[in-house]
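Naming follows writing order (A, B, C and D), and every chain is counted from residue 1.
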Amino acid sequence: MRERIPVGILGATGVVGQHLVARLAAHPWFEVVWLAASARSEGWRYGELPWRLPAPMPERTAALRVGPLDPATAPDLVFSALDASAADEAEPRFARAGRVVISNARSHRMDPLVPLIVPEVNADHLALLERQRAARGWSGGIVTNPNCAAVLVALVIAALRQFGIEQVAVTTLQALSGAGYPGVAALDALGNVIPFIDGEEDKIERETRKLLGTLDDTGVVDAPFTVSAQSTRVPVEHGHMALISVALADRPALADVRAALDAFGARAAALPGGVAPLVYIDDPHRPQPKLDVARGGGMTVSVGRLRACPLLGYKLVALGHNVVRGAAGAAILNAELVVSVGRVLASA
Amino acid sequence: MRERIPVGILGATGVVGQHLVARLAAHPWFEVVWLAASARSEGWRYGELPWRLPAPMPERTAALRVGPLDPATAPDLVFSALDASAADEAEPRFARAGRVVISNARSHRMDPLVPLIVPEVNADHLALLERQRAARGWSGGIVTNPNCAAVLVALVIAALRQFGIEQVAVTTLQALSGAGYPGVAALDALGNVIPFIDGEEDKIERETRKLLGTLDDTGVVDAPFTVSAQSTRVPVEHGHMALISVALADRPALADVRAALDAFGARAAALPGGVAPLVYIDDPHRPQPKLDVARGGGMTVSVGRLRACPLLGYKLVALGHNVVRGAAGAAILNAELVVSVGRVLASA
Amino acid sequence: MRERIPVGILGATGVVGQHLVARLAAHPWFEVVWLAASARSEGWRYGELPWRLPAPMPERTAALRVGPLDPATAPDLVFSALDASAADEAEPRFARAGRVVISNARSHRMDPLVPLIVPEVNADHLALLERQRAARGWSGGIVTNPNCAAVLVALVIAALRQFGIEQVAVTTLQALSGAGYPGVAALDALGNVIPFIDGEEDKIERETRKLLGTLDDTGVVDAPFTVSAQSTRVPVEHGHMALISVALADRPALADVRAALDAFGARAAALPGGVAPLVYIDDPHRPQPKLDVARGGGMTVSVGRLRACPLLGYKLVALGHNVVRGAAGAAILNAELVVSVGRVLASA
Amino acid sequence: MRERIPVGILGATGVVGQHLVARLAAHPWFEVVWLAASARSEGWRYGELPWRLPAPMPERTAALRVGPLDPATAPDLVFSALDASAADEAEPRFARAGRVVISNARSHRMDPLVPLIVPEVNADHLALLERQRAARGWSGGIVTNPNCAAVLVALVIAALRQFGIEQVAVTTLQALSGAGYPGVAALDALGNVIPFIDGEEDKIERETRKLLGTLDDTGVVDAPFTVSAQSTRVPVEHGHMALISVALADRPALADVRAALDAFGARAAALPGGVAPLVYIDDPHRPQPKLDVARGGGMTVSVGRLRACPLLGYKLVALGHNVVRGAAGAAILNAELVVSVGRVLASA
């Protein structure tokens, strides 16, 4: 695979789009050759647009001109960091035109024919892509990654599914970057907590069950456990924290739960972006956004404080990088998965 | 009651001690005439010691000299804002010497003979004070208020107890002032969340059940429901937030739960510091520490986001001022309760 | 003055407009009877619009309907909290229509015929209002207060002008609320400093010299000293800090400078909103936004750290509430000044 | 230089000590083989002590045992990250015992025989080391780097010294990590500015003049210009900002000043840690701590907003990493300088 696969980015100018550009700059398989965004940014060279990451913009991307959301000139593989309002319409249009869209948008995640994928959790769900193409008559397709908080829950729960998941209660403390840019006003965020993120609790409750679901002839059957989520916005730059309680059918000893977390954590996806999906930290004060958000380049979820829960049996704390594991990095890992099983070539 | 009752403060120099001084300055019943603190502050005039509240120190208190933790010169009624390490020993010593100690310390809260009181929740538990005196042979006594996060849970649960409390799950996002001064290092707090507060989860789980318990011949029988708590420290100055899920035996409609919150909220304790104990806010983005912490002079808990919980049935968000409703204001309300039922006079 | 003077507010929905509403609710002279704002808010009852202050919205104002920027129905006296883009055109139109506009906008501050007033500094400049009316043929007029950072410098410099001001160097650390709402994005503000506020340094340099200037037949002659300003935005909610160095012709002893600050600080304007304009704090760690911003209801500037400057001779630190002394409170004090010298009646 | 030079660290457990350990882990010339600290940490393995950096502790250092401040077993070259209280006595003792101490402490910086060095500014001052040895009869010696804010001023002023420095006014907005750990209490820091850092203004005023001074037969003659400093603490994790005004004898055009900054910035020290000492950013909103602190691995000072100053002629903004360029990285660069000119070998 000496020659890199040309890829495009839909919505290249937002927080997630910028992180996609930054992370793809040195990717061994992919090369960003095409950028598209909403009308406001169209026509500018990417290097002329605002850039909010500390690391400098990759020079080759800076030279690209931002085009319209038109698949005509797009490469076969495109990442989508579009807002849902734009993704609703644009992503199916690209899929119909033969492009494989690796989307971070919420728009089509719960579509029964769209695979919602975390490679370490449910890589097998990618098989839905063929049904999607057949049913819709598309030569391309849409593959999605979950909401930036749902992925934390899904990875932890996947590590424990051998014990029989019965109930999941999760409270999230979510970082500011999850709201995009400009996002939350400083006057609302500084020294404050906002106990509401529109649509977030519903996404966590539904996406977790689809991610942990099983594929049968009819599509994905949601996992049969209940999830209850409460979401808050806290004055943290990057790093969503999830305080998770879980009821397990087998009532394993805490040591066995810990062993399962360790074992799952050791199984990195066999892909360029594959790192330990989770790491357990033996320090009651951890994980913390400030100290742990960048673990594994932002792709490793940090877990700690496993202990007994008087109510559900087990509780623990998980923390992950919302823009990386929860968005840009998640999409790239999904693209690697798609390529590694030959779906893009098939679409050509 | 033209003449005010002389009171003392144990631990007058910490965060809670300073708030006690500030709040008692214009109290209709109490007058601060005596201050005591650890050896480090002993011997100074109060006005010579650091003061960290924005409002100026009350002049009369500034003139008082800080003495040792010695009941000999103390008035009959003393507030204790001591750390547990000092309260362990000092509070029983004052009680033995005939002083009624209104304590905010955790030291004796779970002592079966010490009333743990939130006047709107369990004023009847004050009857324990007589048994305490009898059993210990004290002419004084100890009355305590709960942990600064437990009080939020207790007030909300008390409002709903008519429906039969079965299970309570609570996640707290706690303010920096709850850790005292200097407390948390800025380098640890800024832009960060710390998912651990030593002993806090246990206090919430146990104190809530004692507060909602019933008094019988043997003492307080803990309420029979289960509580599971997860506590975090967030970069907020004042105001603990509690995200509460609750299972109710009667399965009431959400509207009935709301009506119960409103009805309970309307019943202020008939005491000088009595205000609406809770207020429901019809705005999904509320309550927030920044906007709601000072409601009712810090004594009113703000509640919002009542909705169905897929797991326990009901969830909502509560917010209260940890230094006021959770400490200084709580102690003062308890002192008012004690005085109003004649316990101090009885001790004289 | 039993009956209160009806007043209106232009731009009632922004940060400054909301503070005007809150501060005027219990004003002894003024009663808010009329609200106007940009097209986006027009037609709504004020109580239906977002309100971001912790204290509840005054009920009488909540009932008012927000109208267009049309002087036809406006009372004789209107406050303007408009953005400069709207104030440019609207304020002269109201003045022409016979309304006295007490403006916080920057639009007309440097107009040679518009008085730029801080009552404790240059109340005599109000005489410009007659010339303004004569020259423009207006029966109303425009009176302005300075930029929220310039007022800090002007008050300190006014206290020292007896010594002969030669040079002023000032660095400001300005609060987030100075940028309005939504203002600065949380992602830009949290844990950060932005060393640029568009137009701010120029305003401080020019307005200070106009405020300290003298009135002659041609208008205000700017004070003859030089001012150099550097402005930054810091993650503070309310409270601009100004680090000021000043060269004084008379080379007074530090004790004499201090005495001058104390003497000036003691002279409150003889108006309802008149409080000590500045207070010196003998604590090297002060003033601080958190502890000192609300002094004098936000109208008193806190000063500290007076010491020798190796370069200009004297340096000190000043802090004031940017939304109160720097905007809403400043405008109200100006309105009180205008009324107290009969300018409104004259316009009728 | 295949074999690395063994080095020790005095004060290895504080903020600066930890950064020294982290930065030296992969150093091409130095290998940390010896650690010493105050009695509190003595006897522990380094890996058993608290570690507050996000990156994991280097394994080889983790295995070292922390010893007492005793030169007997120390290698020839030791870094000192001691507090001044310990450095006062310990550093001369190590120098007397033949160790070259590369110190970050303030204790001996202004000693006329101790070189205070920023390699890009005054590498020639290192010649003082020979005089120090001769005068004190030491076979080792002490070399110091400046205060974490003074280095910003020194680098900017050094870039402009060709124009004849006459006067310097600087206001600093300093990060929390400059106060060490635990340092500032979160309750004091959050949403606040503290306008005082004990001793800081004096250090900036004096150290800048020594750094820019000239070496003659009597030692370092301070540069003849005046410096006035005002220092504040702001709620930023890392990155001191300096707002600098400067009077230049030659009155160069702004373009010439800019060219001088660019030219100086291009001259990296010819040492392993040598990177561009400063970089000018053409964006009025920069430099910012959040975006620019890590430039050049923390060793590059970011400069921006060069413009005319009505008072002194020129003003600009500089930002640098206080723990790297202002402490750990500065010491390492000094050690590289010492080694590169053969001072350590000479001491052996």
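By our rule, a contact is a pair of C-beta atoms (placed from the backbone, for glycine too) under 8 Å apart; a residue touches a chain by one contact, two chains touch by 3 or more.
Predicted model only: the values in this text are computed from it and were never measured.
Undergrad: Count the touching C-beta pairs: is A-D or A-B ahead?
TA: A-B
Undergrad: Using each chain's Cα centroid, which is most distant from the centroid of subunit B?
TA: Taking each chain's C-alpha mean as its centre, the farthest from subunit B is D.
Undergrad: If you average the CA atoms of subunit A and of subunit D, how far apart do the two points sit, in angstrom?
TA: Result: the chain centres lie 41 Å from each other.
Undergrad: Could you work out how far the Cα centre of subunit B sits from that of subunit D, in whole Å?
TA: Comparing mean C-alpha positions, subunit D is 48 Å from subunit B.
Undergrad: Can you work out the whole-Å distance between the CA centroids of subunit A and subunit B?
TA: One centre to the other, that is 42 Å.
Undergrad: Two or more other chains in contact with one residue: find those residues in subunit A.
TA: Only 52, 188, 190-191, 235, 237, 290 qualify.
Undergrad: Write out the stretch or stretches of subunit B touching subunit A in their complex.
TA: Listed in rising order, the residues are 167-169, 171, 173, 188, 191-196, 205, 226-228, 230, 232, 234-237, 241, 243, 245, 284-290, 304-305, 309-312, 315, 317.
Undergrad: Which part of subunit B faces subunit D closely enough to touch in the complex?
TA: The touching residues are 52, 176-177, 181-191, 235, 237.
Undergrad: Across the complex, what residues on subunit A touch subunit D?
TA: 52, 54, 190-191, 290-292, 294
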